[in-house]
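Both complexes below contain chain A, partnered by chain B and then by chain C.
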Partner chain A sequence: MERVLGDRKAVLVLLGPAMLVYTLVMMIPVLVSLGYSLFDGNAITGFSYVGVDNLTRLWGDEQVHQSLVFTIKYALVLTTTQVALGYGLALLYVFVLKRASSLIRTLLFFPIVLPTVAVALMFQKFFEIAPNTGPVNEMLLALGSEPMDFFGSGMSAFWVIILMDLWRSAGFYAVLLYTGLVDIPEDVMESARMEGASTFQMIRHIIIPLSMPVLLSSLIFSINGTLKVFDSIVALTNGGPGTETAPLTLYMFRTSFSYGDYGYGASIALLLTILSLLFTIFVFRSARRDVTEA
Partner chain B sequence: MRSFVTQLPARLLVAIMFVAVVYPLVWMFFGSLKTQEEFLNNSAWSLPQEWVWSNYASAWTDGNLATYVRNSVITVFPALAVIVLAGTAAGFALEVMVWKGRNTVLLMFLLGIMVPAQMILLPLFTAYFEIGITGTLWPLFITYCAIGLPLTVFMMATYFRAVPREIFEAAVLDGASIYKAFFLVGFPMVRNAVVTVALVQFFFIWNDLLIALTFTSSDDLRTIQAGLLNFTGEFGQTQYGPLFAAICINVFGTLALYLFLNQKVMKGMAGGAVKG
Partner chain C sequence: MNTWGTRRRRRSTIVGVGLAVASLTTLAACGGSSDSASGEGDPEAFSFLINSENTNIPPVLESLAADQCSAENDALPLEIETIPQTQLDQQLQLLAGQDALPVSFAAGNTPELVKTLDEAGQLLDFDETLTDLGVIDDISPAAISTIETLYGGFNVLPYQYNIEGFWYNTELFDELGIAVPTTWDEMVDAAEQLDAAGVQPFSASGEQGWPLTRLVSGYLFRELGPDALQAVADGDAALTDPEYVGGAQAVADLGEQGWFGQGLGSIDYDTAVNTFMSGDAGMLYMGSWVLSNFSDEDLNKIGNDSIGYFPFPDVEGGAGSAEQTPANVGLPMTFSAKQYNSEVGDWLTCISENWGAAALEVQDMVSGFTVNSDVELDPLTREVSDQVAAADSSVLWFEALFGAQATNVGQTNAASFVSGNTSAEDFMSTVQSALDSE
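Right after this comes the complex of A and B.
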């Protein structure tokens, strides 16, 4: 038995292909990318060593500041709203609609499987002002107010992006959190109700603490995804107006592939990786503290 | 009666959500049947005057959508096969088999879930350029395989953990080789999980834009998402009808697949998120 389940050659055969692809196409590139951040240039022109110049350049780059602020703002706003909205929906499914929730659950879930690019283009046309007046602006006109150029200012473009992402993902987070809520034992709820707990107290003291693990997973999953946002913003605003809605990912993409500056692009990618790690650790630690307090 | 009244706010809320999800899609579908003049002159709320199905034909051929779909199909499905087969085998080797260092290897795959794709794009671009495969679909295929592996390995390992070890031990005692234990016992036992994981990965890869934009230089190589993004440019001025038709093909194609597989997709994607 030991001999068969511990067969080294078999481990190699079964694990080998995945390991080989993973090592060659992910691990080594990550290390090489780290190395790139110490160089200037690209694959075609060749590289020259510049040491920590790229990193000091990151520090003083206005565009990096803007993208960093945008990325963090976007991640915080979207993570909070989509998990909160998803949680609200999950509560609605479990405690109000109960069995009748299956249809609306399915319906609200499906936007997450739709291609981001298609959804983004749809929202772009939905909020368009010219040459074709989209439904939103038609409605503003009908209500007697001026049509609005939603993509003309960074602020309104930001909120259209958030709205689109909520449209896409709220139902997904609802299902995710729903699976955590239905696992709460019925008798725990029942006894709390018998003790005379109000709905608010139930939520505060029973439901939230008991669904903490799945809430935590959602937060980590969400923050990781939102910090790496690329597809939806590229297709919706392409970072515009100007670069006001350009996240770090887009700035990295442009620096690398439009300007051919691999070294600096790799430095921005590194910044992004560190950011993701920091946020994940932060969410993890603060949630841990919460659990021990409760 | 009383229950109807207390349920009223909830029902209203559900109705609003229903409209919020469905209306944009209906609007887009009607848009795909309008002429350019209708877009520019009529209200966005109006129905199409005549149903211009030719928008679909022009999106498919003039808009090159046929090429984009073909490119997507011939990169995504082979990549999916590799991801699922290699990922399941790796999950089996990491969870069922006993050897030193397997936890370290599992942790390494776990790290891969966290690392943003941006960290690997530049070295890969250089490597593909040096091997001389930049003008083909190979870079896309190779990158998709790698990107999908960490989550798949991790999820499959978790599923194998739920299978009682005695089953494999019994198989081995009965004289099965390790490969038989994997292909004839292990793989069938996690068959449902394999389908789930394949679905999650399919939606990730099929909807990808970042990798598709990075590694496709010419129009002939574009995947459906990259092609759709550049769709406006094809005609100079935005041709609304064909553009909407192209979006519709993309959206309703995915929707049909989703409806077909709905329960599995929901479980799989939610499960994948918790485990990831």
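Right after this comes the complex of A and C.
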């Protein structure tokens, strides 16, 4: 085996096709997209070179500012809540429910396999005010409150999106983190217990540090997924009311394909790529520091 | 040993190249375009892409395919594909970029996109084609003139020729003693009376947005004159000018009273029309294409006899008049220049000769095609038909002269300002910014 892997040609034959496919389907489109940001036009009209005009336009575009703020707010709130809730559930599975957790795990994991559009339609109906009154507004009415147009203001629409995505994804993160927690050696836990460590001390000094790698992966998964959110918002609010819940991805999509401005759309994509990269580096760095401290 | 090594190297090279070719073949199969997409004018079907909200045109085409155009349909079968209107523009741009537009299709949400497609050689020149086919006389010259003004050439077909205005529930108006409004103030009074009687005064789709922006343009045309939005498009005026903001404010004032009902931003097109047809709303601003909805007896609970029409009322002291009727050809339908061949030409001939009568018979739809046979019309359709014939001059709509971005921004933000979430001033400023960036 060592001889085979030591042979450069063998490595090339084994990795070559995969690298070729990866380059063709990932790297070339990324580079082409980067190139588009230097051009103006679309597939119908053709392209003309505009240099860095599209990139400088990003700074003065109020819609970019609004979408950027929304994207970051959405990513931070959802990442924090879904990983925290997922971690809480994982702790519940391992330390409380133990072997009996499989049914709960399956039930909570179930929403992630449902089609996003179906889930969005369900939440639209839950929070509907007209033409029919949805269950949430029915509840408000039963409690004597006025019904509320949840999709009529940016703030309430934002929280409905968060609630929906949290419902969809918490079970997934719970399973992901559960796999990290079950790997913690039982003897370490046992000896800590015998030393008289409290539950809080166990979580603080043993469970969190030892599950840090999977926690870190979850955070990176989550931050990158939430920064690139598209389908759930399009299906639930389509960026509305107005453009108050429009993330960068939706603005990028509209700019490229509705407004026919591929170059500026590619510039927004570049901004999103840089944002994802910065967040990933930030998460990596902070996690490295934490592990050292622990 | 050397021989073995060489063989092994050869075998590795062969395997490597083989795998690379296999990968490339797979990729080529995934990303390649078929002959039918290359625009050779050899379509296998009379493919027709239309926005799913349009429920008027497909039934007429299907009726033609089954009856008058059955021979053409046997040669080139009709295949209808629908797509939500909000996704139509991007679909057209992607297909046009690959010369893969269907034989016939809805030509986009903005005149600007139609012009772009035309300039790129994607659209059929109907002036030339219909003249060659000998059916140019089947299209009304007024409709051709409207199309040329809006789209820069005769590049779309007038499957619909619409006027827009307010449809009202005559029974409710009679019951409450409300006279048909001729001025904006009278309409506001009528709304007040309806509201006091527990009836929602207006029904509109905030999800679509355009039924609201057209109230703004209607007000501006009546107050500032029929060229109000041309001045904005030409840069001689801005939507942020006080008189323009005033127009948006007049519509926002209606919303502030709650006269459009709850959850305006969630109300889709069908819900808006059904609310009016079920008698829950007193007035509906809509184009005459809505007549086909009214002709559905299952959904139209109030009945055609209880529906009347009045044009967008005057604004007292304004420069425009109610005689300047908003007119259009609906969301325009066109044909691909790349897919055109003699079989498509046969279809086009048959459509030109029969559309006018079939549209009236099947959908109560007034079109820009001549009616080549006797058709019995119900009184409301007759009234609209007469109104179309009598219209002296026409005006466009809010976004008609704007590009795709300003159109989208206007329509997606309309419900927000009418619901009071943003101010009329902010709304006009947002649309003006989008216009400036185009």
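Rule of thumb we're sticking to: the second predicted complex is superposed on the first by the 269 of 294 C-alpha atoms of A that agree within 3 Å, B and C clash if a C-alpha of one lies under 4 Å from a C-alpha of the other, contacts with A are read in each partner's own complex, and residues count from 1 in each chain.
What we mean here is this: a contact is a pair of C-beta atoms (placed from the backbone, for glycine too) under 8 Å apart; a residue touches a chain by one contact, two chains touch by 3 or more.
All values derive from a computational prediction rather than experimental measurement.
Colleague: Examine A:Pro241 and indicate which partner it touches, taking first as chain B and second as chain C; both and neither are also allowed.
Modeller: Only chain C; A:Pro241 stays clear of chain B.
Colleague: With both complexes overlaid on chain A, does A:Leu114 touch chain B (first), chain C (second), both or neither?
Modeller: First partner only.
Colleague: In the superposed arrangement, does A:Phe282 touch chain B (first), chain C (second), both or neither?
Modeller: The answer is neither, since A:Phe282 touches no partner chain.
Colleague: May I ask you to decide whether A:Val25 touches chain B, chain C, both, or neither, giving the answer as first, second, both or neither?
Modeller: After superposition on chain A, A:Val25 lies in contact with both partners, chain B and chain C.
Colleague: Any idea whether chain B or chain C touches more of chain A?
Modeller: Between chain B and chain C, B touches the greater number of residues in chain A.
Colleague: With both complexes overlaid on chain A, does A:Tyr49 touch chain B (first), chain C (second), both or neither?
Modeller: After superposing on A, A:Tyr49 lies clear of both chain B and chain C.
Colleague: Thinking of the overlay built on chain A, is A:Trp159 touched by chain B (first), by chain C (second), by both, or by neither?
Modeller: neither
Colleague: Looking at the overlay, what does A:Tyr259 touch: chain B (first), chain C (second), both, or neither?
Modeller: second
Colleague: If you stack the two complexes on chain A, which partner ends up touching A:Pro17: first (chain B), second (chain C), both, or neither?
Modeller: A:Pro17 sits against chain B and chain C alike.
Colleague: Tell me the contact category for A:Arg8 with respect to chain B and chain C: first, second, both or neither.
Modeller: In the superposition, A:Arg8 contacts chain B only.
Colleague: If I apply the document's touch criterion, which positions on chain A are contacted by chain B in one structure and by chain C in the other?
Modeller: Overlap of chain B and chain C footprints on chain A: residues 10, 13, 17, 21, 24-25, 42-44, 131, 253, 256-257.
Colleague: Touching residues of chain B toward chain A in the complex: what are they?
Modeller: 7, 10, 13-14, 17-18, 20-22, 24-25, 27-28, 31, 39-40, 43-45, 82, 85-87, 89-90, 92-94, 96-99, 105, 108-109, 112, 114-127, 129-130, 142-143, 145-147, 149-150, 153, 168-169, 172-173, 177-179, 181-182, 203, 206-210, 213-214, 224-225, 228-229, 231, 238, 240, 243-244, 247, 250-251, 254-255, 257-259, 262, 265-266, 269-270, 273-274, 276
Colleague: Over in the complex, which chain A residues touch chain B? Could you list them?
Modeller: 1-2, 4-8, 10-11, 13-15, 17-19, 21-22, 24-30, 32-33, 36, 42-44, 92, 96-97, 104-119, 121-123, 125-126, 131-135, 137-138, 167, 171-172, 175-176, 179, 214, 217-218, 221, 224, 227-228, 230-231, 234-235, 249, 252-253, 256-257, 262, 265-266, 268-270, 272-273, 276-277, 280
Colleague: Which bits of chain C are touching chain A when the two form their complex?
Modeller: 9, 12, 15-16, 19-20, 22-24, 27, 86, 89-90, 93-94, 96-98, 113, 116-117, 119-120, 122, 261-267, 271, 274-275, 403-405, 408-409, 412-413, 415-416, 419, 421-422, 430, 433, 437
Colleague: Which residues of chain A touch chain C in their complex?
Modeller: Those in contact with chain C are residues 9-10, 12-13, 16-17, 20-21, 24-25, 42-45, 61-62, 124, 128-131, 147, 149, 151-154, 238-244, 253-261.
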